[in-house]
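By letter and in written order, the chains are A, B, C and D; residue numbering begins at 1 in each of them.
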Amino acid sequence: MDHHAAPPAGPPPQAAPPALPASVLLGTAGALLALTAVTVASSRLDLGSFNVVLALAIAGLKASLVAMFFMHLKYENRFQAVVFVSALFFVALFIGFVVFDTMQYQPEVRAATEAAAPAR
Amino acid sequence: MSAVEHGAGAGGGSYLTSERGLRSWLLTVDHKRIGVMYLGVIVGTLILGGVFALALRLHLWNPAGGLVSNDTYNKLFTLHGAVMVFLFVIPGIPSALGNFVLPLQVGAKDVAFPRVNLLSFYLYLAGAVLFLVTLVVGGLDTGWTLYPPYSLEGSRGLGILIALVGVFLAGFSSILTGVNFIATIHKLRPPDMGWFDLPLFLWALYATAIIQILATPVLGITAALGFMERIFHLGIFMPEYGGDPVLFQHFFWFYSHPAVYIMILPAMGIVSEVVSVFSRKPIFGYRFIAMSSLAIAVIGFLVWGHHMFVSGQSRWANVIFSFLTMLVAIPSAIKVFNWLATMYKGVIILKTPMLYVLSFFAIFGVGGLTGLFLGALATDIPLHDTYFVVAHFHFVMVGAVMIAFLAGVHYWWPKMTGRMYDERLGTISAVLVFLGFNLTFIPQFLSGIGGMPRRYATYAAEFTTQNRVSTVGAFVLTAGLVIALYGLLASLGRSGRRAPANPWGAASLEWSAAASPPSHHNFDTPPRGVRPYDFSVLRKVSEEAGWVNAGGEAP
Amino acid sequence: MNGTATTRPGSAGPSPFLAGHFRSMGEQLDTSKLGLWLFLASELLFFGGLFVAYAVYRANHPELFHYAHHFLDWRMGGLNTLVLIGSSLTAAWAVRSAQLGRQGELRLMLLATLLLASLFLVVKYFEYAHKLHHGVFWGAAYHPSEEILASLPAALRAAPVPAHLGTFFSIYFLMTGLHGIHVLVGMGLYLWLIRRAGRGHFGPGYYVPVDAVALYWHLVDMIWIFLFPLFYLI
Amino acid sequence: MTLAPGPLQALLLAGPGYMPERASSVAAGVDHVFGFIFWVSAVSLALIVAVTLVFVFRYRARASRQVPEASPDHSTRLELTWSGIPLLLVMVMFALSTKVYLEMTSTPPGQAATQVKVTARKWSWWFDHADGKGAKSLHVVLGKPVELVLGSVDVVHSLYVPQFRLKQDAVPGRYTRMFFTPVMAGTFPILCTEYCGTNHSQMLADVVVHEDQASYDAWAAEGRSPALSLVDQGRKLFDEKGCSACHSEDGSAGIGPTVKGLWGKSEKLVGGGTATVDENYVRESIVAPARRIVAGYDDLMPPIPLEERDMLAVIAYLQSLKEKP
């Protein structure tokens, strides 16, 4: 193997992102405030289980605004974003598997709870 | 840390002598000194855990037990497990050897965050001390897995709370080490060192660090939840208050399965280094080995449910976890075959590190292959929580990891101390460890297949022979370890031979560009990237003077 | 090695803030940021465990959440959301001020962040005090007072009380409590930054700590962005 | 598993030996899977060890061998081969094992299972059989499918019968299920395989597989006669409900206070105060043991619900053990 044909050699210290313009910061904060209003308003509608989905979608959007602009992820080395997204991926995986499993065996929990109830 | 601190040792000889006094050690931010301190404490925990293990084996000489009471037996195996897992096997290679070797191999002066590194050491030390404190307050008999409701019952005293804090602290130490390692490998390489110029030990530590960063916090939150549940009766894990004990098992194994890869990946990294150097040949299939480390790290996150096949986990979750578990076997298989291929047509030098690595092949082979029985659902159901499992994970965690740890300690000993260990004692220890290990744990497979459950203070008479052979084996293994320790420590005395900069003829930077032991700054001139497995540029001068670059100049 | 100045404004030679094992201030900034992002990833998994607990109980016992969220006042949560968004803005602005070398503005922004963080905890204090005063504790300790039960909507009072309601409050106190601890730590860090800024340590050549603490602070904000709808707006 | 009988099957079932008898309908299937994995592993291990030894012997450093021979430093084709073959093998293992697993966790199609309710506690098992008979051992009939519904009153336990190749945790706060059809008459051990404290290794019971229904019925009819006195019935319950595991009847020390001479005594309590061992205290200690604990003992006992008739019998038995003045 030719090691020296290997891709991106060495770590070039990359140029730090320049200071963010005031407009970006104010715009982000404004969008966050607006989305907070939207999320409060949407909770007033009765959409059944879709309420949670909507609330989480708005929260996700707000969080990505914070990450991209306030945390200037948009202007950083892409690896930082990879780190952040893979952490979110593993959280999602953890939640997904565990909720999937616990929901499957819930009937056995309910049966035991009901059997125990009259004894109390 | 300021430039001044770093400059203090300039011209002051090796890192061991550049500054003197206890204070210069306890407050050091030098990765090498921190690595040495870790090594000392970790060997201490190994001895402690080992003493517990011998007591357990003696107790099991007779089916009715008899040496200690059931309660004492339960406390002994709990602390044996907890000390060995949390204090020895998990931090063993990354924190002790990794801390010492990583910046050297990467050509850096130190890790990215030296003060965080020191903090990490003290967090670990605090965790270790808390485990000792549980001994004082009456011990702990929950098993290292800490399953509720048993572990969090109302009758429990301080022991469980202290142990949970200990686990939490040791966990945070591990996270900080992981952060340091990834940042160092990413940012502190010489400008001409590409990703595929990294020694494979670094790829292994990199993959390990991913798990340390992403899995260990879950251990932290699990310990915190357990702590709160015990005090405040939260109703999250305890069924009494509406909680779900199986949920705890999900939390626990979400960390503790990946933790197995925190243990084994660095061990594999050591094997890659040693097998190449002592075969005088470039590692075979560098990229497959590097990528298989990453693959193990990622797939390792997806298989925790295989610890829960009979726990009441749902049927379809079992099937999915069994499938994913089977996949994780592949990257390990690739590594083994590539190591064997590395020896092909090489010049195999049977020094102590290589002897340990050769025994690693057989022992890791058994450990990995017996894992298949436990990943497959039909065979796991009868074998789960029997001695088959005990033997399997000892083959992986003790056999493979501890043997690789010993290989690594012998391999880097000349660099760490500037002394050559006694080769004859090293050879004897490697042979005894291999024999003693197999004698201890092969009979346990047979007990497990026969249906002997684990964590039993007393057992059916039909398993007496297996248990007695196992006890004898444990003492042979201990003898091997004591000889290894003696051989290493004796080299520090007056009779110890001085080590040349490059006694093994290795090409990676810690051997080819740094003195033995290295100076405070590691390198006198900033090193350039090298091909870590290109041995053609090295020439052996003599056994005493070691190897030099073919150009003639000593490194 | 790159465009970043390696000296503090007004002084010559290498910056006193360059650690010896880095080759340049640029490398130091880069490395510190990477390290911090890795730590934040770890934090996500740490909080992640609590989100798992939330998801498991919400999925399997939705009745707890529908009943118990009436004990929470969405206006308080909403106010705190606004406070934290504001503090994130000032934290981000502080980084900008440091990068541009505007010392007065930097100090002002750091101070504003600290004050907003304190305001958040004050609101939180009133929320907690109200609950604890009325016996709304976690887990098995949940024994609500008649008074607070009387304040619930009539329809809810008529409905049967779900078993193990305390588990909801366990999760509520754990998640907001862990978040609150992070806010406290953040306040400590901002105090430290204010002191250092007062000594004029930060400028275009060296603003690693301002940036790093701000990244941490934004994560704290981000977690709250999820906690708010998950607890207050069910 | 539907393998043609013959040498292959014999090889698969041979494995390493040491297998317990195959007493359930799924045991042979499990052993087939075990045999398959065993032989694949044995061959792989032999290969690894043989290659290691051959290489060490042929290529070891010696006077005539100082320089390695030229050989490639990687070979994608070779590496893909030794990734692909193991992948194929483990997928076969997964398929075989999952098929057997699905049989292990369900009743054979078209057959109704007899349900037995299992209660685990520290450190004994209790089996409530379908016809209402409760016992310390599990009784089943040869060839008839059984469904166990497991529950636990205190901590996690696990029911394991090596000869059945089956195991299932009993988890407090919920039920778990286990299915089997016995195919061999006899008595087999039941072991607890989830660590549960002091006497974990002594939490043993038997499963009795009756030849036929008649033999089972004969067992079920035993002890039904009302001839037993209240004291004798209490003594029997004291043993069956597992009380005797912790409370000795002969005055020796145990996990809990001995019941010999206990009746009428005044006991110091944890947290101060005393209690006289009378009918009320005994009743409370059985239903809610944590409420008033005798000093020097831990809060370990699970609540044990008893029918009123049984409660009276236990009380009568304890009275019979009263110290003679």
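Here, a residue touches a chain if its C-beta (ideal position, glycine included) is under 8 Å from a C-beta of that chain, and two chains touch if they have at least 3 such contacts.
Bear in mind the structure is a predicted one, so any value in this text is a computation, not a measurement.
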| item | value |
| --- | --- |
| Most central chain, judged by mean C-alpha position against the global CA mean | B |
| Of B-C and A-D, whichever chain pair has more C-beta contact pairs | B-C |
| Farthest-lying chain, centroid of Cα atoms versus that of subunit D | C |
| Mean-CA-position distance for subunit C and subunit B (Å) | 35 |
| Where subunit A and subunit D are represented by their mean Cα positions, the distance between them in whole Å | 43 |
| Cα-centroid distance, subunit A relative to subunit B, in whole angstrom | 33 |
| Approximate Å spacing (C-alpha centroids) for the pair subunit A, subunit C | 15 |
| Sites on subunit B at which at least two other chains make contact | 186-188, 214, 218, 240, 243-244, 246-247, 250, 286-287, 312, 315 |
| Per-residue overlap in subunit A, given as positions that touch at least 2 other chains | 1, 11, 13, 79, 86-87, 90, 94, 98, 102, 105, 108-109, 113 |
| Residues of subunit C whose C-beta touches two or more other chains | 27, 30, 34, 38, 41-42, 44-45, 48-49, 52, 56, 163 |
| Topology of the chain contact graph, where touching chains are joined (line, ring, star, complete, other) | other |
| Of all residues in subunit B, those that touch subunit D in their complex | 70-71, 74, 141, 143, 147, 149-150, 153-155, 239-240, 243-246, 279-288, 310-312, 315, 318-319, 322-323, 326-327, 329-330, 333-334, 336-338, 340-341, 343-350, 358, 361-362, 365-366, 369-370, 372-373, 376-379, 381-382, 384-386, 445-446, 449-451, 453-460, 533 |
| Contacting residues of subunit C [partner subunit B, same complex] | 14, 16, 18-22, 27, 30-32, 34-35, 38-39, 41-50, 52-53, 56-57, 138-141, 163-164, 166-167, 170-171, 174 |
| Touch list for subunit C against partner subunit A, complex | 1-4, 23-24, 26-27, 29-30, 33-34, 37-38, 40-42, 44-45, 48-49, 51-52, 55-56, 59-60, 74, 78, 81-82, 85-86, 88-89, 91-93, 95-96, 99-100, 163, 214-215, 218-219, 221-222, 225-226, 228-230, 233-234 |
| Residue numbers on subunit D that touch subunit B, as the complex places them | 16, 18-20, 29-30, 33-34, 37-38, 40-41, 44-45, 48-49, 51-52, 55-56, 59-61, 65-75, 78-79, 82-83, 86-87, 90-91, 93-94, 96-102, 104-105, 154-156, 158, 160, 162-163, 165-169, 171-174, 176, 189, 191-202, 290, 298-300 |
| Subunit A - residues contacting subunit C, complex | 11, 13-16, 18-20, 22, 25-26, 28-29, 32-33, 36, 39-40, 43, 51-52, 55-56, 58-59, 62-63, 66-67, 69-71, 76-77, 79-80, 83-84, 86-88, 90-91, 94-95, 98-99, 102-103, 106, 109, 113 |
